[in-house]
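Each of the two complexes below includes chain A, the first together with chain B, the second together with chain C.
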Partner chain A sequence: MTKEENNGAAEELQIQSKKALKKQQKEAEKAAKKADKQAKLAAEQQTTSEEDFAKDRYGQPAMVQSQQKPDRVLVRIQDLTPEKADQLVWVRARIHTSRAKGKQCFLVLRHQQFNVQALVAVGDRASKQMVKFAANINKESIVDVEGVVRKVDQKIESCTQQDVELHIEKIFVISLAEPRLPLQLEDAVRPDGAGDEEGRATVNQDTRLDNRVIDLRTTTSQAVFRLQSGICHLFRDTLIKKGFVEIQTPKIISAASEGGANVFTVSYFKTSAYLAQSPQLYKQMCICADFEKVFCIGPVFRAEDSNTHRHLTEFVGLDIEMAFNYHYHEVVDQIADTMVQIFKGLRDNFTTEIETVNKQYPSEPFKFLEPTLRLEYKEGVAMLREAGIEMGDEEDLSTPNEKLLGRLVKEKYDTDFYILDKYPLAVRPFYTMPDPSNAKYSNSYDMFMRGEEILSGAQRIHDPDLLTERAIHHNIDLEKIKAYIDSFRYGAPPHAGGGIGLERVTMLYLGLHNVRQTSMFPRDPKRLTP
Partner chain B sequence: MAEAALKELASLEKYLGLKKTNKYSTKGERKVPVLQTKDGQDIVGLVTIACHLVKAAKQEQLLGRTREESAVVQQWLEYRIVQLGAPGAKEESRSTLRDLNEYLEDKVYFGGDFLSLADILMYYGLHSCMVDLTVQDREKFVNVSRWFSHIQQLPNVQQHLPRVHIMKNRIYTNVH
Partner chain C sequence: SKPLAGTADLDTLLGKNYGALRDIVINANPSHPPLSLLVLHCLLRKRFHVLSTVHVHSSVSNVPPHLLACFEEQDKNQSRHDFQLGFTLIWKDVPTPQMKFSIQNMCPIEGEGNIARFLFALLGQQQDPITATLVDSWIDMAIFQLGQGSSKEKVAVLRTINAALGRSPWLVGANRSLADIVTCCVVLQAAGPVAIPANVQKWMKSCENLPEFNGVYKLLQ
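Presenting the complex of A and B:
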């Protein structure tokens, strides 16, 4: 090392030490400030512990480990109505927001999609320290609150319980949330565009889905999934009344049911298996086994690498299969009626939920006709041609054309739900029964909601010879579907059916734009968590 | 571009009822159309030639009957060349359509209440754009569609171009 370099290094050292010195000074100052603050806080606490007369009325009790069974009724927030005025009640809820203002603190307590305004004010029931404690509880913490229900003169517009507020006498934290939330609930329920005007934030979909547990707490999500549960319930209820039997089918299957390209392969001991794309084969086998009318609610899997607003890789399928007497329209009518019963049930029993979702995602009310409108594919094509669309007779409907046809049907018939019957045979799976009067067409149908397909169904071929012929026509390896074809050899009744995607029905009924909004924990080619 | 311009002039000749078709050539990198007249003079440029043809057909009313009218016609003829003929016009077509839609809201023709050469040339110029629009977009630019539908139905205007289907009833009302 030369001298110069040495010098240079020394200088550098000096500079460094200078810097370090400054840093140290700063840190010392900081520490002093901190100590000061702490001292102040301690002093405050000391004085408070001396004076606090309400110290038994708030705090963070020990973790609930089921040590006791207190004789305490927790009233639900939705039940806090003027009838309960002047009663002393216990409530368990989350801290939605809190706003301290001098000697009082306003809280909004939330339970599911309901909320109420609560108030802690310094007085003979609450001390200064208690108000401060209440104001400092982190958002989203769960609290047990005892308070008096009081009528209010002016409606509280921001809450669902507008006519009362809760005057808190005791408040205990049951579960403390972390101070920083990955997303704010208010931001997550703001309608698209409304944020821009006020310069406020909205939360994008990926952030929502990454923090799904919090996003699911929003009023909109709560309403969506309560309504979705309603769809399943109405589906089951209607079909059971019609004499259907609910069945459970395996999801691990040995051969792909509808074309081999879009199935998930799983390793199955020494061989491989597939995840079911639909319970198609099994529900048909149940028909051959004399169950006559069956339905099944369960997961179905599609390994399609399509990232669209309406594709998921796992979704819930509502499947129907039914033996009929002479014409497959017997089945179509049953399915259509089931859908209509669902729409009616939602309209009548889920008004609040629909309104809640509409607040964030406005849409027109869902319209349907009774009996359901049934158009033939040919008529649909004719309507599209009339609107200037060029397409072949046997061409499948593209998504834009499907949507356009939906608009045309809505304009002409004023319905958001209709059936398109008699699809070209060429665009349907091999087990679809050909139309007896025109070999180019088939006894198959799709059902549409707001111009998007929700159900695909058909009369199935119940004759093993015709089934074999069609399979060969579709270049399907007969060996692989032997068991399926064989099940029709011992007497099989004519039958038809269809499968609906639960998420799609929810999405389209509510007029939402993305199927991920109606899937609780969506799975798509890019998302496997949460 | 050049092909289209020559076709357009041929269509215009037919529309104007000119019997003897002219011979055209093109000039320069952008293939500007050139018309050689009988007396040996060259007329250059789509709009210039178009105006010449209108005069030759003795249909001067298509260039405006008063000075105000002819100023408006000239303005739209220039728009046709500068805005619709410019490179990259295709990419900007949506904003062009939005502007035109606003302009045409209270007008039957580009000049207001009289048919002019501007309508004919704007029709030829916008045709490729209108063909590509979806039904929903045609409804969105409803005033352009109304004007376009009107012009393409005038006798002898359509000529070499396929008809664009414009729906008469609105189907996307109240779309959220």
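Presenting the complex of A and C:
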């Protein structure tokens, strides 16, 4: 019995001592590791403090507060071409991506829609610490970089500057970005559908719009808005060459210009005012004031509570009004030619931008005819009837019919842009001039891009009596439009005009699907920020 | 407005009228203007009230001005629905002339010869099967062997034409037919360095004297 007990106790002791031994061993190991680490750390610190020969070549300098004016030329990334090979240049760019690999760090530097590969490698120009510093700069930070442009043997497919890379000798952070971005730029430029296949993320519209500043940095957004600026420029340029005068009109107005609905009311001291739905009234007043040909680029407001792919509550309107001699087609031809000049200008001068957008949102190139195809409403209705659509002669085009007609016209004439002339009088506003040969029709027209309406225009009634008659026919309170009618009493030339939406034209030219993609800071019934 | 002469014929030939202009669209490459279609356009104008327009498609640029002004001036005061037929010529980057008419019922028609046959049929001339087949075969020979063939083939075709014209003043029968129109236009365009035999030269003079050939010279500048 005791023997057994003794045995048992001895066994216990043995087990205990075994455990203790293991414990001790482990502790010893730990201590050794710790000592090792400390030694390493100390060694590293030593190297950082003692051996960093390149510490003047990188870092985060003081905030640019305009202390100095260095004689330094910052070369744009798009200009980094093989012609610049072996030159030492300064570049300011964002860190698009960085990838460290041992003694090297690859960076993609981006400026607007252009990017270039850059390389920091441990050598006689860069230290280990410098490479580490470069690798740790947060994405989207802005850096000033000095480096040598080197030709590469193999094209760098992922960059716009494919034939060269930049060997960095100095790198300074001008503005440090926060480490976490609300959305990744690569995710935001991924074509629809490509994300699903590879299991990668895409960014939805609302996230993009919530973080618009970052989304606007993507190559696609950069291209879209550069092209949009081009549209404005071409519009101005063409019209000024045609002898037009640019006018500025008030946006705070006392009465709604096109019917009472759909206007924003603003409080105006002790009374209320409205935000202009179109510069219509003022354009016409300028015509009566002998300006002959006017145009106006400015914001237009629509209080329509519609949440569709093509409606905004505030957009940029490009408006034209022109006095003509005998026939309103003089004006139609001028407007159509202006559009054709814009399309030609974009086709010839914005190839890069169009290609960039197409990479993310593929679409067929925009086709058009010169002179522009002009069909009559009757012909449009006939084409639709031939395709099996039942509709009345004086019925307005519904949105689906509008799109179908666009497809039919494209099939027959192979054009994405056409004019539909001679709309039924009943579906147009009261100031539309009736057709002299058939009172059911009017001297009005719409213009379409890819089957969607972009411009609505007409010859306006310049005769106060006929204008009054038509207003009564439309049950409009004459008191409210008295000032408008009175402006035609003292000699008014015959005139016509029209207005287009800048965002819609950009969207339809590029074949995009949502007008918010072509509005920098879109406003719709549900969005007021950013 | 009262119905114009010929509208009833168009209804029998082309079927239901949807109450609007019947527009014939022809796409043609400015580097190779389809001369015969212009001649036929002229003939159509004699019979119908035709609205003729010229456009340039965005696929081509720098179309020479004489190609833009290939139709005579028209009465600008009429609106589109006053016309019976539309003839819309679009200068476009196409490999061969193409016609689009009724997109719901017809596929696009390719080739100058085929379009010429269609346009000629609108003039409503009745032909017996033998004449019609002869005309067709001259057109094929002109378009494919003379228009696209080697210089050896061209010489051979010109010899055949020369022989036929030795027997009668026109290629088929006693009067000018579609065969003469198409063949003459192809010779004008394609003969180039190849020498033109005597009978053919004489026949071409007679073709060129026809009023419907007036428009062709504008295109040949």
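The rule is simple: the second predicted complex is superposed on the first by the 483 of 530 C-alpha atoms of A that agree within 3 Å, B and C clash if a C-alpha of one lies under 4 Å from a C-alpha of the other, contacts with A are read in each partner's own complex, and residues count from 1 in each chain.
Please note the rule applied: a contact is a pair of C-beta atoms (placed from the backbone, for glycine too) under 8 Å apart; a residue touches a chain by one contact, two chains touch by 3 or more.
Keep in mind the model is a prediction, meaning the values are calculated, not measured.
K.L.:
For A:G511, is the partner it touches chain B (first), chain C (second), both, or none of the two (neither)?
P.N.:
first
K.L.:
With the two structures laid over each other on chain A, which partner does A:K151 touch: chain B (first), chain C (second), both, or neither?
P.N.:
Neither partner.
K.L.:
Tell me the contact category for A:L408 with respect to chain B and chain C: first, second, both or neither.
P.N.:
Both partners.
K.L.:
If you stack the two complexes on chain A, which partner ends up touching A:L375: first (chain B), second (chain C), both, or neither?
P.N.:
It touches chain C, and chain B stays clear.
K.L.:
Just to be sure I read the superposition right, which of the two partners does A:P400 touch: chain B = first, chain C = second, or both, or neither?
P.N.:
First partner only.
K.L.:
Which holds for A:K33: it touches chain B only (first), chain C only (second), both, or neither?
P.N.:
Neither partner.
K.L.:
Considering only the touch criterion stated at the top, classify A:H474 as touching first (chain B), second (chain C), both, or neither.
P.N.:
Neither: A:H474 stays clear of chain B and chain C.
K.L.:
For chain A, which side has the bigger count of touched residues, chain B or chain C?
P.N.:
C
K.L.:
Looking at A:P362, would you say it contacts chain B, chain C, both, or neither? Reply first, second, both or neither.
P.N.:
First partner only, chain B.
K.L.:
Taking the two structures together, which residues of chain A meet both chain B and chain C?
P.N.:
Of chain A, residues 387, 408, 411 contact chain B in one complex and chain C in the other.
K.L.:
What residues of chain A sit close enough to touch chain B in their complex?
P.N.:
Its residues touching chain B are 361-364, 387-389, 400, 404, 407-408, 410-411, 511.
K.L.:
Can you check the complex and tell me which residues of chain C touch chain A?
P.N.:
18-21, 23, 25, 27, 55-59, 79-81, 88, 90, 92, 100, 102-104
K.L.:
In the complex formed with chain A, which residues of chain B make contact?
P.N.:
134-136, 164-167, 169-172, 174, 176
K.L.:
Using the touch rule from the top, collect the residues of chain A that touch chain C in their complex.
P.N.:
Against chain C, chain A makes touches at 343-344, 347, 365-371, 373-376, 378-379, 381-383, 385-387, 408, 411-415, 421-422, 437.
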